[in-house]
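Listed below are the structures to be examined.
The following pair of complexes shares a single chain, subunit A, combined with subunit B in the former and subunit C in the latter.
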Partner chain A sequence: MNISLKRITSTWIITILLLFFTAIILGITMRFNQGKVISIDDGKFYGIMTTHGMTMIAIWAVAGMVGVHYLLSRYINVGAGLSKFAFIMTVIGVAMFYVTTFIGHFHAGWTFLYPLPFKNSFAWESWATPMFFWSLTVLGVGWLVWSVGLLVAIFKKYSFSQTFAWQHLTKKDPEVQTPPLVLISAISLVGIVLCLLTAVVILVLSFAEIYSDGKFVNDPLLMKNLIYFFGHTIANESLYLGLGIVYELMPEISGRPKFKTTWYVALGWNFTLLFVLTAYFHHLYMDFVQPLGLQMFGQFASYFASIPSAVVTIISIIVLLYGHRIKWTITNLLFFIGITGWIIGGVGALIDSTISNNIFLHNTLWVPAHFHTYNALGNVLLILGFFTWVANEFSGSQTDPMRKLKLALLIIGGFGFVLMFYCGGAESVPRRYSVYPAEFTRAALFASAAAWFAIIYLLGMSLIFVDIFKKCIRVYSSSHSDSSVA
Partner chain B sequence: MKGQEFVLVLFLVCAIAISLISFLIYKSTIKASSEDGAGIKNPLKKRLYFLLLWGGVLIIIMSVTIPKSPYFMYTEQTPTMVINVQAMQYAFIMTDETENPTFEIPAGKMVEFRVTSNDVTHGFAVYNPNNVLVTQTQAMPGYVNKLRWVFDEPGKYNILCTEFCGIGHATQTGSMRSDFIVK
Partner chain C sequence: MHKSLLVFTFGFFCGLNLYSQSQEYNLSEEDRLYTKVENVKILTTRGEMLSLSQMYVREPFVLALVFTRCIGVCSPLISNFKEKISELNPKEKFKILVVSFDTADTKADLDNYAKLFNLNQNENWVFATTGQIPELIESVGFHPEWDSSRRQFEHDALLVGINGNGYIVKKLIGIRNIRAVESMIKEISNEFVISYPLPHNNSILSCFTYDPITGKKKPKFGLFLLLVPAIGTVILLVIISRQKKKKISENY
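Right after this comes the complex of A and B.
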């Protein structure tokens, strides 16, 4: 393995975990404010909310990219250059973004729903809105180059139809086998490229409005469709990248035969692309002016998105594990718990994506409830699993200290934290409220309890982080001699 | 049981069942003897059954829930009252056809809210006297969302904002809220 790929991977991991730590602290701060334990002013609260949301979405999207990039180098020829370029762009973009929120007081939420960024200039500095869009531009360019670069590298080794495993649909044992990692990465990368191209359209339309001095105005419904296509897709594809990693590593670590692409795996993941790109319509259920056909398709796509990715993955994992003696390590336990958390969050999502439920759940705490479940207890654990595995690879050390304690803290803290969101949602408490109106008598209690649970989660995370950090930094001191392949 | 309680119970039951299944799978990997060969018999067939079962469940739930979508509600009737709702940073203004402020809505009669905004997107969410969110729609500038509803329970209803609209989004003094009485 290429030493410079190892080093950039290690740099990514340390950066991601430091930002994760910070963003959790911001999350706990919000929950304590909602719980009336501390009191910060509304502008600051929403600045923190915007920073927390954007940081989390950004780091877990790139974390998945870091993982598949590293593992894809087993199958295709891909160096460290793309990853380094994306790293520099990400650091610049995130730094610019922090300037807009912390210094410019920008607080339109990470979804920056049009026309809020343009209609609140008295609450934040007037330069903050354009600078926010410029920071997105820098991030977008970095990630677009990265994902297109990875796709090109895949296409150099596999033909178009082989990449998407179409030969598996017609033949039982085709000559060229597409590894599941390649298939899932390619499917996810195509989704990411499409959503980043949509981001480009959003940026162009936004810049047109900013720099035309009000002569050019956008259409709010169109912008909402574009923004949610972008936001929903990036959040979901991050998860699929995490699953790609699990397909690659779970069997190997558990001492079981490698996963093979079969016709249903191939079919399932090809369909995932279609459903994930159209499920975003569920964000617009409460916009009754949206064409009815799109609303109906939204519920259909949200439901059936669960078949290819979730059901196919669940069965593969059950068949892999059930009744076989497995050597459990922190890595495959994180994968296993992460898959479980992801499915539980998926149930919460399915409930909300039912239009007749959405009318009373839309933008209540039910929404952060389910997406925190499949992120904090799903994707994050899948990626942490990868980090623990790769840290062992970097250091040559297989130590696994305090495994039970770490996992117990993550599970108790994590589920307690999200449960408080679900309870809030069931009591009709709206999301994104800095302080709750007095009539929600238990909302503040739920919030402060959630903050304490999140502290438990943070403790578990920190223990895992320390171990990963200690192992990752060894990659900088190791000599160049072990760089066998470039 | 109101919708919110139902979905919470449904969710918790599913979450506990899923956790239990996971735990049993985990247990089976500890108990298994070292030599291989146990595992699941006929995985391909079982997989097919599971897929068909899940697909069937989804189709059933869809056909039950889709007709209950708000888009199909009271479409055949004419509303007894039309209320124009103008949302703005940070207030809701409700008026009747003659542009007089509206504070009272008849109980048991179908009414139509015509909801729009004159600045950013807001959420128009109606909370009943027990503070349960009963219905909502979005208030988007340049568009009018028509929300039809029948309020059976008399009392004071609150309007809160359910789309993040800026610094005054949460209900504090003078912020996004309004109310009406159902008689």
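Right after this comes the complex of A and C.
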């Protein structure tokens, strides 16, 4: 393995985890404020909310990219240059974004729904809105080049139909086998490229409004469609990158034969690409101007998008584990718990995407409940599994101190944290309130309890980070390219 | 000829001015929204002593604040509201509570006032006085000012929609059209009221055109922009995969 790729992967891991800690602390601050344990003014609260949301979405999208980039180098010729370029652009973009929120006091939320970013005459500095969009531009360019570069590298080895494993649909044992990692990575990267091209349209329209001095005004419905297509799709594609890593590493770590792409794996993942792109319509149920047909399509696309990937993955994992002696390590345990969290969160999402339920759950705490479940207890754990595995690869050390304690802290803290969101959602507590109205008598209690659970989760995460950090930094002192350091 | 043209022009611009004023968004309509109305006691012209909570737990109501000596907007407010209700003939169950904010008004004054509009026998209309005027008007954000020279109150023509839990869910200031009255009745009855900002004149890229009168919408050019990223991605994939084919043929 290329030492340069190891080093940039190590740098990414340390940076992502440091940003993750920062974002968790911001999240805990918000929940303590909602729980009336501390008191911060509304402007600061929404600044924190914006920073927390954007940081989390950004780091876990790139974390998946880091993972598949590293693992794809087993199958295709892909160097470290793309990853380095994306890292530099990400650091610049994140720094610019933090300036807009912490110095410019920009606080329109990570969804920056139109026209909120443009209604800034008194809420934040006038330069903060353009700088926010410029920070997104820098991030978007870095990630677009990275994604397209990875796709180019895949297409250099596999043809178009082989990349998407279409040969597996007609032949049981085709001449060219598409590894599941390549298939899932390609499906996810196509989705990410589509998201980032959508971001280009959003940015062009936003800059047109900013720099036309009011001569050009955007349409709120168009912007909402574009933003939610971008936001919903990139969040889901990030998860699929995590699943791609599980397909690649789970059998290997568990001492079982590698997964092979079969007709149902190929079919399921191809359908996932198709349906996940149209599922975002469920974010627009309250926009009555949106045609009814699109709303209904959004509901069914939400069901169909989840079934192929989820069913195929669950069957694959059960077949892999059931009735076999498995060598359990922290990595495959994190994968297993991560898959469980992803499924639980996914069920919560499906409940919310059903129109008759959404009438009651829309913009309640049910929404952060399900997306925190499949992120904090799903994607984060899947990626963390990769981080622990690759840190062991870098160091050559398989030591795993305090494994049970780390997992116990993550499970108790994580599930306790999201449970408080679900309880709030079930009681129709609204989301995005800095302080809850008195009518929601138990909302503050849920919020402060959630903050304490999040601290437990953070403790577990800290123990894992210390171990990963110690192992990852060894890669900088190594000059070997093909063997582990120790 | 010239005279009539002049009158027409004057009338047209006055009308335009009135129209544009009616389109203005009045922030004071949001004052005290979603807060509870003060639970004051009222004495109705039918001789009942009720608290407002006793009223709203039975049915939501629209509160109109008037005074019987008013030579200004009070009578047009009541007669216009009566007319709009009659036109709408709503299926929702609600009451209209007309309360005097003038301490000089008595039960008899209100009774006579109801008769003026032929509403004294109408079960849906309740006319009343209260001994807690300051608490009531403060809780709904109504601020009349006494003009001693005219011996009149300067005040808004205000209708306050109060739902079955006693919350102020809608306020209408001024004589309003039938759609505004309809939306108030829906609000107090906890029905979904659709609202959407109409496309701005400078917004050339809207997804749909929406006609608020007919409720119909038609696709517009902006909708095409939703497809641009998908088309871009397909083109990009075709280019990448073609490069690959070229490379293979070169290699072979």
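Definition applied: the second predicted complex is superposed on the first by the 479 of 486 C-alpha atoms of A that agree within 3 Å, B and C clash if a C-alpha of one lies under 4 Å from a C-alpha of the other, contacts with A are read in each partner's own complex, and residues count from 1 in each chain.
The criterion applied here is as follows: contacts are C-beta pairs under 8 Å (C-beta built on N, C-alpha and C of every residue); 3 or more make two chains touch, one makes a residue touch a chain.
A quick note: this is a predicted structure, and the numbers were derived from the prediction, not measured.
Superposition of the two structures on subunit A shows subunit C clashing with subunit B.
Contacts of A:Asn120 after superposition on the shared chain: subunit B is touched, whereas subunit C is not.
Touching more residues of subunit A than its counterpart among subunit B and subunit C is B. By the touch criterion defined above, A:Phe288 reaches both subunit B and subunit C. Contacts of A:Tyr75 after superposition on the shared chain: neither subunit B nor subunit C is touched.
Once the two complexes are overlaid on the shared chain, A:Tyr264 sits against subunit B while remaining clear of subunit C.
After overlaying the two complexes on the shared chain, residue contacts for A:Gly43 are found with subunit B alone; subunit C is out of touch.
By the touch criterion stated above, A:Val311 is placed in contact with subunit B alone, subunit C being left untouched. In the superposed model, A:Trp328 makes contact with subunit B only, not with subunit C. In the superposition on chain A, contact of A:Asp219 is made with both subunit B and subunit C.
Working note: subunit C versus subunit B after chain A overlay, options 98-106, 188-196 or 242-250, clashing stretch identified as 188-196. Once both structures are placed on chain A, subunit A residues 219-221, 287-289 are touched by subunit B and, in the other complex, by subunit C.
Interface residues of subunit B facing subunit A in the complex, by the touch rule stated above, are 3-5, 7-8, 10-12, 14-15, 18-19, 22, 25-26, 28-30, 32-34, 36, 38-40, 43, 46-47, 50-51, 54-55, 58, 61-62, 65-66, 68-71, 89, 119-121, 123, 125, 127, 131-138, 140-147, 158, 160-172, 177.
Residue ranges of subunit A in contact with subunit B, taken from their complex: 42-43, 46, 107-109, 113-116, 119-120, 123, 219-221, 224, 264, 286-289, 292, 295-296, 299-300, 303-304, 306-307, 311, 315, 318-319, 321-326, 328, 336-337, 340, 343-344, 347-348, 351, 354-357, 359-364, 366, 422-423, 425-428, 430-437, 439-440. Subunit A makes touch with subunit C in their complex at residues 148, 151-152, 155-156, 159-160, 190, 193-195, 197-198, 200-201, 205, 214-222, 225-226, 229, 277, 287-289, 291. On the side of subunit C, the complex with subunit A involves touching residues 194, 196-197, 199-200, 202-208, 210, 217, 222-223, 225-226, 228-230, 232-233, 236-237, 240-241, 243-245, 247.
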